[in-house]
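Heads up, the next two complexes both have chain A, just with different partners, chain B and then chain C.
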Partner chain A sequence: MGAGAFIAKTGIRLLGTYVIVLMVYFIAIRVLPVVAAGGNMAADPLLASLRRTAEDPRFSLWIGETIKRFGLDRPLIPDQLMMYLRNVIVFEFGISVYTQKPVMNEIAIRLPYTLSFYTITTILPIVLGFYLGITAAKNRGKPLDTAIIQASIFSNMLPGWLVLLIIYYTLAYLPKVMFNTYIFPLPVRAPEIGIRDWDQFRYLLWYMSPMLLAALIAWSGGWIYYIRQLVVSEMGQDYVTTALAKGLDEKSTLRKHVIPNVRPPIVISLAYAIPGIFGGAIIFEIISNWPGIAYFSYQALLNWDFPVMSAFFTISAFLTVVSLFVAELVLVAIDPRIRTGG
Partner chain B sequence: MRYVTVGLATVSIIAILLLGIASPVEAQRELGEHWYRYGPYLDRITYPVMKDYTMRLLAFEAGELSLVGVLPAHLDRIRTNRPDAHIIFTIGINSLGSLHFNVRLWPVKYYELRAALAHLWNRDKIIAESPLRGLAVKCPTIVPPTHGAWANWEADFEKLYPYDPEKARRLLASIFTPCTGPDGRPAWCDPREGGRVVEIEILSLPEATSPVYWWIAMYIKAEAEAIGLRVTVRAVSSRELDAATTAGVAQAWIIGWSFGRFPTFLWYFFHSREIRPGGWNEWFVNDSRVDALLDEFYFTRDMTKAMEAAHKVQLILAKEIIPWIPSYTSVGITAFDGKIDRDSIILAYAPPLKDPVGLSVFWWNNVRYKDMKFGGTLRYFHTVDITTYHPATYLWASEADAIFRMYMATMVTRPENIYAEPRVPMFMESFRIDEVEYRGSKVFRFTIKLFEGIRWHDGVEVTAEDYVYTIKKFGLELKTRRYYGPYLDHLVEIKVVDKTTAEVYLKDYGWVDPYSYTEFVMLPKHVFERLTNPLEDPSTLPHPTVPGLPAMIGQGPYALAKIREIAYAELVWNPWYFYRHPERTVKFAAVAVPTTVGEGTSFKIQVTLEDYLGARATNASVTVKLVGPVTLTFTATHIGEGVYEATVPGLKAGTYAVEIYAEQPVMKWSVDNKYTTTLTVTAAVGPGVGPIVGPVIERPPAVVIEIPGMPPLAIAPPPMITFAAPEVKITTPAIALTSAEAVPEATQAVGAVAPATLSYGAIAISVVALGISVAIRRR
Partner chain C sequence: MARTSGTSRIRSTTTLALVRLTEVLVLVFRKKTAVTGIAFIAILVLLGGLAPVLTPYSPAIRDVVAADFAVPDWAAPPDTPRNIVKTLSGFVIEKRVVSGDVKINVLRIKDGFEIEFTGNGYASLLLVSEEYVAYPYRPAKSLDVRIAFNATYLEGRSEAWYNVDTLAFNKDIIERNEKKVLEVLMPGGRVAKVDIPRGIYSLYDVVTTRVGWIFQYYKGTLRVSAAAVLPNPMRNMLQPYILSIQDPELRERAKQHFGEVNAARDLLLERNTRLYIAVNVTYYCDPMNFMMRCQNGYFRVSYAPVRVFIKGDAFGVLGTTAYGNDVWTQFVYGARTAVVLGVAVATVTTMVALVFGLVAGYRAGTYADHSITLLTDVIYFVPVIPLVMVVGLVFGRSLWNIYAVLIATAWPGGARIIRQWTMTLKNSLYVEAAKALGASEWRIMIRHIAPQLVPYLVYRIVMSVPGVVFFEAAIQLLGFGDPEAATWGRMINEAYYQGALLMNAWWWIIPPIAGLIMLAAGFVLFGMALDEIVNPRLRR
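So, the complex of A and B:
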């Protein structure tokens, strides 16, 4: 199979998966409660949620309008299902039941916070894990390997929020009260996201630094261990023995043969990690007063804010599909076996 | 802690959240009886959202916050780590940590079950062993003891339901049957529900944010389960708690309420009329006897009768309904940054209570730092996510903290005694009640007269239109949480009489109504009527007409500088505040005005300006006005280092009032000041004074000329004109003169080519004509 056909096939497969997932979601969240209630539309969680909201005079102005606009008074299948699918394609999720503002606006104002934090904290541990994992594998059985493994296990055991609290206490609070200086800042005022001027950007980086450091310490361990194991496993393969027997030095063997072969599983793991960006890290957000999406989604869940919940689910599913598709493309580029259909 | 402004009568004590002890500031008494009205002293207040209590403590200790609420368990820590801090204790008018019930939901719909739980309530233990560490006042009544005589001690839960697990067991046995749960453990089952195992779900805020509430939830769970009653405690967010209780789906929950100075909450909380969308009756109390007593309580004009009715209601509530089991009244502990002047923290008292009941609303006006007269930032915080800053729909005390720095009620309570009369008029000049005939019926007319000259943050004047609009829009039409209430029940008509006067016609009124209509928070009609949705949070919207300002426009001592961020808001002082501190303005450091000059002699007026911090004001504008035989207005020019100079041409003999008006821009606003003195121009001796138009032309700052009887004329002579009187052909300006006194001078002006006989009115007219003719020539 050629690369083009492979990409087309993958794209269609993932798109189909995406649509099916959305339909399953709609059926599970909107249809099944009504079916379970013997077809009583009053059991529709979205309508119930809107009715609860209607009790709040703040929202009385637009309840009827919302029902009409999103066809909530029409049959769930096929009318509302079709409308839902059409809306999610264009990312139109309606209005938050709780805040009464467009869902996408609510997400948009929080997204920069989530992206700026979580993108970095997703990529940095992988980079660190890649470097230290390979270093450990190269020194397998030596004290350095042991030290890296122990550190990675310790890192994996540490909850990120605990590391964050320790950093705030030891590197922000104590230096301030003892020496009237900060190494890292205490999380008081979340910065505006953007690069308006150098001072603002510097404050942004400074404010984020404890969070990034905590994430790096707590979230790198798994990657280090995973990548080390991949490399060690790969180094036990016959082709590596052959390469070394042919006189290729270990460094070249790693670079030319081993690393290309450990890349695909890392890419796939990364693809699965990227949708997590959207979810964010709720405890980090609370401790650091970081107004990201995670806490908002948590509130949406608690408040039965179905439009917001739908948005999170849909966007997460979308990101998963897209990142998997990108991962497949990357694999096509870096893995010769896929290019040849192997 | 949830926060209630139950009834507009209680709006004025919105600040009963942070508590303290202090005596009023003597140093300010020169400003009059209500010296504390004047302010603010600070430059700004910052409000980051800080949900985590521990992080708030750390931030305070590190100097990142100016104050922080402290749990008793952490008091020693604060004292150790911030020995400079002012620790202030107060007793709140509140009922906290109570277990509330929705009395129509199974299984807590059974009175016996609620009574059994009441018998498991050991207040001494709760106060001693919980994170309160003994620092709280036992609250065994529905109306907390801090309400004084309003609390009915015959309805004392300690007497009605003393701690007695055995009694609780017997009460359960009277309605349920002992059984074994699916897990094999003993339980109680409800025979009316087909033997269903009785299990209560209690909602509580989580331990991280509300450790005392969580402790109480765990306490009652342990006590209940010891007698076989199943209890599940679920940690919920503040939003979810609010949603579940208002929607009537929460069985039981632990929360606290802060009240206004009168217990009007009784009506709002327990009247069946408030079982409505957006209503207050979350307990779903629906009892006709209670309704009747509450109406009597609310609508009588006799406060003694109101108190009697309140006592009867409490008795029914405590003996027969038990909507909640009261627990404790808080002793609030607030630590303030030691750099804050302790005397500037104005507290509120409610005699005969000796301890303060909280911070006065005026503390925001008065709080300042020791080492500076004005300026500085108060670093405050929000403890929850901001749901809205809308004054009509806000939910949390934390939000009220910011909102009511921007909006001030028309009248508020006195700090030294929140019950004392007269209250402090802020924007209300007078209030009168008359019995009148209106449309053929006898009604009561409330006449509300506002002060003139109050300005909204955008400069628009506050008028009676705003008062009427707020009641009609947010009370009658939208029925919002904060503006809808029984004070509107008897409303027949409300109308604007003139710019500052509104009339409210009521069929009848009760003792609460005068408070409701006088302690009123007005909203700006000109802003809200332009918003697509008047219920949308104005702090997140741009001002509909003024670029750069948010739609959150108040009249209070602080203003929202810009649209608030998602987790941060910043208020700045409002230079246009009606009670701006008299010293917080541009000041005349030096003024040089001669007391006497000779007729026709040109002279200079020089002023040196300083801003309110004492620095030279270099960006001000200064206008000099002379009012005497003629009226002249000049604009002074800044000549450096805050010195402004105006050259005055020779004047006609007489006495002149000299008014020097200085205005300095401050952020998006300005401050101003006026200096007045008298100037005597003595008559010339000897030859007549020559034409003295020269100096006026050479230095042409005069932009406005006022002649009695004429409208002010603005002229802008081109600079550097070489003036040669004989060569100028002066045309008669087309000015309609109506003043008989002005006519002769103007007539002289027409023949002004004879300079020796020129009057000063003629000089002015000549200047106008000169400007016009030069302008024509240039074209």
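So, the complex of A and C:
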């Protein structure tokens, strides 16, 4: 099996799972309440959320039109399910009940915030984990190794949001309340993404720094521990002994022999860690008032905006699928066994 | 015959597994880190288990014990207001004004009082509580007075006018005859002075409070049961004084200005003074007044004892929240919920994982195995936090919904590992023997393979308890948790959104965080010690 076949197979598997996830979601959230209410269509959360809007006289006419236009009065299965799946493929999630604008436009505005933060918080901890893990493995048995392991266990124990909360309390609110100075900004006014001028960019970095710090503290630990264990077990292999015996120094052995062998399992576990990171990033956004899609959906949910919530769920699943696909592509690039079909 | 021997064999397998578990636990107790972890867990279990003994209050929002943001008792200077609760039951007549032929009949003066007025004319009685509230601290933020009285007319006899005005007054301040002078800057640079008498404040006045209603109940009985809370969040202005200002412009200015006056702190309470409750009952029946049409009127008021509650700014072990709830109570009950529900949900999740893992492992490569793998993949793609948010929207925000979502999405990790263990264990000799004896598949899985997994299951449960508690807390922090659950998560949620960080209410924000960290540390240390013993690979 070559690389192309592997990618195609992975893609089909991921796409299939994605569609099943969406169907399960639809049945659990749209169909189940209706079934629980004895087949009463009024229990459909989407209609319920529209009805709440219709209580506002400005929108009462608009509602009937919307229900007709989007076919919300048709049976849930199979008509609306098929419609939902089709809409997901073309990224069409209807109109936000709350802002009265197409959901996809609203999300497109906010996606850069989420993606930038999500990417950085995925990559930074793994980079730190890689270096500290290898450092610990090199010094295994020494006090440095023990210290790193202890720190990583402690770090792995704490969830990111708790660390973020502690950082905000000790380094943002406490200095502000007690000395009227800022070490980190209060999570109140989020900056805009992009580089307009230096001041704006500096504020962006400053605003992000507590979030990144928390992500580093809370999410590096697992990687440090895992990579250290991988490297230590790899270094006990025969090929390392051979490399050292033929006169290669330890640094070159690590770089040329050990690290290439360690990379594929790291990528695989990264793929499995992605949903957790994404969930953590959602909580971060809401705590930090970071105006990404999670924060927007949170606001929408407080206003019973079901279309936005639906879109948020779908896009979250989609991002997970895409991340996993990227991880598999990286795996193809770095693991020769997949490329050659060995 | 074969069946009996099979049963005895099974018993011995189970016993062996239990013996193994005991051995593991004995080994665990030899490790210092594990003992630390167990000590942490034990402290939390004790706190949670003894919760009703440790605190007389409930963690619910309605159980208000002191002022909002009260600091812990031990951290406050001695002049910080503490809770003062006193019931004033005896009242004596201090002043009596009668004109015309009004007959006043004092029916009962113990335990509150009851007064009857009959006849035409005007009468006014000022009754003052016999006892007083001695106030030794600096002015407190709030004063809570519960009053209750019935005012009765007899049908058809009377259309008299009356008023029952309950006053709080501080004798010492009044004797000093002090005033609070507020300077109001008028347009044109003129400074107008408004004097407010200190030491007296009208808590509940029938006429001004219910002026719109007074004609609706002039027959029958008016039942008043009022909580006069100062400062009154609904009308914090010093209305009677402001309304008496003649100059309309000055009145408007004064209205704006007096919005900031805290009646309890600025007018009534002072260190080392005496606070009394007074009731002023007024009766007026004039046959010559054609508006009133009153002839030989009748009016009776029965007044219950008054409960005075001065909310302290320092309270208890850990102070209070923004709603005035006891933080210590919430912390202790939070420990109870965290340990009980944490272990319960972790156990259920692990049991679900066990069932799926056993089936998938025992029938590896079959249709059942493949469908479980597919299910695992599907669950892996479900974004859990958005799902919890949607479930909260559709099915309601309850603890059980959150835990249902958690159990449904958390089992695949454990199931994958149990599947692999089962795949190796099912080739063991004792499984072969059980098969040969004719044991069914389920029997082999549950009675022969599962007991071998017990140490791993215990490890798994212990290691997933922090995750369960943290998950609930995270959902609470997002605002989608159960608003009535007694959990640390709800404490964090309330603290974060009710300004504990801005007010630097460390006594409120630190306990739940510390509790969460302690719980996680306890279970992780214990679990890691278990892991080293259960997985010999790591024992070096």
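Going forward, the second predicted complex is superposed on the first by the 260 of 342 C-alpha atoms of A that agree within 3 Å, B and C clash if a C-alpha of one lies under 4 Å from a C-alpha of the other, contacts with A are read in each partner's own complex, and residues count from 1 in each chain.
Keep in mind that, in the parts below, contacts are C-beta pairs under 8 Å (C-beta built on N, C-alpha and C of every residue); 3 or more make two chains touch, one makes a residue touch a chain.
Just so it is clear, the model here is predicted, and its values are computed rather than measured.
Once the two complexes are overlaid on the shared chain, A:Val177 sits against chain B and chain C alike. Within the superposed three-chain model, A:Ile287 lies in touch with chain B and with chain C [touch as defined at top]. In the superposition on chain A, A:Met157 contacts chain C only, with no contact to chain B.
Using the contact criterion defined above for the overlaid structures, shared-chain residue A:Tyr169 touches chain B and also reaches chain C.
Contact comparison for chain A: of chain B and chain C, C touches the greater number of residues. In the superposed model, A:Ala245 makes contact with neither chain B nor chain C. By the document's definition of touching, neither partner reaches A:Val90: not chain B, not chain C. Using the contact criterion defined above for the overlaid structures, shared-chain residue A:Gln299 touches chain B, although it does not reach chain C. When both complexes are overlaid on chain A, the residue A:Arg189 reaches chain B alone and has no touch with chain C. In the superposition on chain A, contact of A:Val24 is made with chain C only, not with chain B. Touched by chain B in one complex and by chain C in the other are residues 165, 168-169, 173, 177, 286-287, 298, 302, 304 of chain A.
In the complex of the two chains, the chain A residues touching chain C come out as 13, 17-18, 20-21, 24-25, 29, 33, 45, 153-154, 157-159, 161-162, 165-166, 168-169, 173-174, 177-178, 272, 275, 278-279, 282-283, 286-287, 297-298, 301-302, 304, 306, 309-310, 312-313, 316-317, 320-321. Note for the complex: chain C touches chain A at residues 374, 377-378, 380-387, 389-391, 393-395, 466, 470, 473-474, 477-480, 492, 496, 501-504, 509, 513, 516-517, 520-521, 524, 528.
Note for the complex: chain A touches chain B at residues 52, 54-58, 60-62, 98-100, 109-110, 165, 168-169, 172-173, 176-177, 186-190, 192, 286-287, 289, 291, 295, 298-299, 302-304. On the chain B side of its complex with chain A, the touching residues are 46, 48-52, 54-55, 58-59, 61-65, 81, 236-237, 239-240, 243, 246-247, 277-278, 379, 381, 385, 387-388, 390, 393, 478-481, 484, 533, 535-536, 565-568.
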